[in-house]
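Note that the chains are named A, B and C in the order they appear, and that numbering of residues resets to 1 at the start of each chain.
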Amino acid sequence: MGNPGEKQSIAPSSSVGRVVIDEIRHAPVLGLIVFVPVVILLERIFPDRHTLLFLASVVAIVPLAALLSRATEAVAAKTGDAVGGLLNATLGNLTELVISLAALQAGQYLLVKASLAGAIVTNTLFMLGGSFLLGGLKHHVQEFNRVNARFQACLLFLATIAVLVPSLISEVDQPPALDVSQKLSLGLAILLIAVYALGMLFSLRTHRELFASVSHAEEDEKLWPLGLSIAILVVVTLLVALVSEIFVGSVQAAAEHLGMTPAFVGFIVVALVGAAAEMTTAFSAARANRLDLSIGIALGSAAQIALFVAPVLVLVSYFIGPEPMTLQFWQGAVTMMIVATLAATLLSNGGRGAWYAGVMALALYAIFAFTLFVLPPTNPS
Amino acid sequence: MGNPGEKQSIAPSSSVGRVVIDEIRHAPVLGLIVFVPVVILLERIFPDRHTLLFLASVVAIVPLAALLSRATEAVAAKTGDAVGGLLNATLGNLTELVISLAALQAGQYLLVKASLAGAIVTNTLFMLGGSFLLGGLKHHVQEFNRVNARFQACLLFLATIAVLVPSLISEVDQPPALDVSQKLSLGLAILLIAVYALGMLFSLRTHRELFASVSHAEEDEKLWPLGLSIAILVVVTLLVALVSEIFVGSVQAAAEHLGMTPAFVGFIVVALVGAAAEMTTAFSAARANRLDLSIGIALGSAAQIALFVAPVLVLVSYFIGPEPMTLQFWQGAVTMMIVATLAATLLSNGGRGAWYAGVMALALYAIFAFTLFVLPPTNPS
Amino acid sequence: MGNPGEKQSIAPSSSVGRVVIDEIRHAPVLGLIVFVPVVILLERIFPDRHTLLFLASVVAIVPLAALLSRATEAVAAKTGDAVGGLLNATLGNLTELVISLAALQAGQYLLVKASLAGAIVTNTLFMLGGSFLLGGLKHHVQEFNRVNARFQACLLFLATIAVLVPSLISEVDQPPALDVSQKLSLGLAILLIAVYALGMLFSLRTHRELFASVSHAEEDEKLWPLGLSIAILVVVTLLVALVSEIFVGSVQAAAEHLGMTPAFVGFIVVALVGAAAEMTTAFSAARANRLDLSIGIALGSAAQIALFVAPVLVLVSYFIGPEPMTLQFWQGAVTMMIVATLAATLLSNGGRGAWYAGVMALALYAIFAFTLFVLPPTNPS
């Protein structure tokens, strides 16, 4: 499998531009790439039209995220399983990471934390729920590898709890001094990254056979050549960084104008935008009756954010932010993450999917979104 | 099956009164029906003997709930599976609904919320625990359809969480303004009813084969003719409404006199009374080694209250209450509902029941009841 | 099996001293027994060297706990299954009980509660995680009796919730008056002991075949003769009581000197010391591919503390403490116990163990320990 695809894509004269045009024909969402120059131009001409810049940058990030995701996969596939898996696992949430870095640099910690919590909730409820629903509308009952789903859910549960413990423990007594909280967050960030590294050792080396069905299924697409992929990876990451900066600069004013708080924007809008590319993959996998793959992407991506992206941002905040960021979330976010994780655990526990499982997950997501919209958190930390 | 029963009950000259007397012979609990005229008379003669009226109305509701439950089943069975299932699912908690409506009209929102939370906890712990215990004392180990139990528990978990999210999110920051809270509750109520309607579509239409064992088992009793059933349904509902009004009018003064708070009365007493009829069915099913049916009634009924009865009361409160009711519960109730749901999930997860599972569930219920009795909530909202 | 071992140990001229020396050869940890006279002497000579006394008493308790554990097992094995199981189940956490009694008598209720909560968390995360890790490093994937593990996890979950309900319900409104809280705790303690007694009836009498693999595996060691075992049981219990008194008397000053709060000492240090003996058994069972036994010891011991040791301490506090102890824990402890229990449930649910499951449990434990160290609870109740 993949032979005709490889022939097509390994054409020696292929250039970044040509591949991009070629891809757009197959995936119309990539056509939105024209918004990238548009948003950069707009920002020069109308630096104060925040709502316009916000909307344009949201639209521009979607095709960039899709390209990033494809390029990462291609590089991962070419460099052999161990390094490739490592790359895939590490760069899988590159879009979220770059957006968060832009927000971090601007000192918008509430936006950073909202987008982290939102990405976890969106992946576990919206992506998983959408996969169950779309897959279930086509197939009556879908069986999936329960052992694998359970492992992913277990990892996600522990990862979520790990991120949340400081919030849970500290909320209950008087809030700790900021320096104590920073010290705690730094130690936990290092611990979480170590757990993540061991998790990769486990899933890519010592027990890779347990994760077989997921990684196998992903090889099914045609892949770009290595040099091109790396070029795309670098160029697109820079573009995401550029657009993210515009996005972060406009989000606060735009959100106010549209009647949304930064928390709502981070939790729902950024999370949906950042995960757009992975969602496309998860949803089409579900319709192709490969629910294993959908669940792996949804829960694996959520776990990665909790175990890798969040701790990395804490470490990086020591160098680029106005002050070190902590791992303390506001308690509503804590509640939503735990509930989402428990729901994912319950839904993936049975080894069978049907459309109503999707309805339940999406309803929970709608409840969260609606609650956040009507009742924004007031705690600005 | 059911042929001799039908012959007996389709006698053309049968009247409401005759059927009632006939039923009493088989189910002695129906003899308590004499308390219905007694309580109505008592209320005319001694309108201020609150404790007497309270006790008499509690006793009078039990046989009415039993009749209501039988009549609903009979109408459901006669009108074909789709409409019947719809009716059964919608009217299954009619007693709770009517009592709550009476409390709603009197503006006793704490009583309404306590009885909703109490019904969920009572169904998941007391009814499930009693079924495990009574079934387990007769049968060493009881196997049950794990897939079905897991689906019911999953639905209940999501339903409970859904009702609780506003409470969970809003408790943590400063309490929101009342109008924000009402807006949120209205939106969530509509969403929950939509999820409930889709759940009926799922279980009665698209995936009814998954729920086969439960609905099949229920057809096992002799049923009343359709016209009679509808007559009983209407008459008994009116009687429940009458008695409920007396109950609600006397409960506050009586509770004080008996040393109980309205919260305790709503959580424990009303919940036990309202679920008395279903409990009889669940317990005898457990002793007949049909634990599937017991679990279906217990968890299904709890889910119905969270997904249907509570949202309907929110909507109705816009028309009959002094002001719109919200979905915000006091935090102790939230905790008890979540714990009860998790316990039910764990106990029904294994697919096997034994008497000690019942002891554990009942002990948890006793802990809740005792705690509420000794330490009543002080939050009057 | 065990024949050569029995021959060796049933030598008629054996005395307590000789057996002890014999054992030390096989289990070097018992060599630490020399610290018992050392710590008693030290306390006479330097009653104010708190840090020295603290460290010496911690070291002295480890071998005593190991001896106590062996003696209990031996007595249990000799007295027949029913009485033996009862003894084993009742005296299994004798070390924790004696240490807690010493702390209770000194009125150090925070230390008592921290060590109870810490023992539950240490058994469920550290002992279970260590077993998964050590077993998994030797065996690729370990299968275990899922039904049994699930039952133990279920019992533990309900036990933990039971202990926590008063804390959960009372935290949310204003704290109740002390006498109300004491009344509640007394009632719950009696209820929990009754549930525990019924649990023994269930696992030792009516459904003992469900627990077969665990009790069978434990008979595998060589056992001491009955008279000797009882003598050791009595003597060592007295020694533990003596050393515990020194430990409790020195812990507060020593902890301050070492930069730790009593809560951290109770939660981590006392819990690890008290469970040292059981840990040795659980870890070597895991390496011998008997993960059933490891899980049984870890979760069973945690459940015993919640269902038996904690309630007994409440009852005893009416006689020996300065005032009755309540079952109210500070909320951070509540959170950690619930999270630990949920993690244990998830990890033991699949019926398969691998080294990374151990890493996850140990990471969670490290997070708790680090958080407690950096951010001690301020609530002194």
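Note that a residue touches a chain if its C-beta (ideal position, glycine included) is under 8 Å from a C-beta of that chain, and two chains touch if they have at least 3 such contacts.
Chain-to-protein mapping (UniProt): A, B, C = Ca(2+)/H(+) antiporter.
Everything numeric here is computed off the predicted structure, so don't read it as measured data.
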Superposing rotation of subunit A (Ca(2+)/H(+) antiporter) relative to subunit C (Ca(2+)/H(+) antiporter), computed on C-alpha atoms, to nearest 5°: 120
Same or different contact residues where subunit B (Ca(2+)/H(+) antiporter) meets its copy subunit A (Ca(2+)/H(+) antiporter), judged by the half mark: different
Subunit A (Ca(2+)/H(+) antiporter) and subunit B (Ca(2+)/H(+) antiporter), separation of their C-alpha mean positions in angstrom: 42
Multi-partner residues of subunit C (Ca(2+)/H(+) antiporter) (each touching 2 or more other chains): 349
Contact footprint of subunit B (Ca(2+)/H(+) antiporter) on subunit A (Ca(2+)/H(+) antiporter) as seen in their complex: 140-141, 171, 330-332, 335-336, 339, 342-343, 346-347, 349-350, 352, 354-357, 359-360, 363-364, 366-368, 370-372, 374-375, 377-379
Of all residues in subunit A (Ca(2+)/H(+) antiporter), those that touch subunit C (Ca(2+)/H(+) antiporter) in their complex: 147, 150-151, 153-155, 157-158, 161-162, 165-166, 168-170, 172-174, 176, 180-181, 183-184, 187-188, 191-192, 194-195, 198-199, 202, 206-207, 210, 345, 349
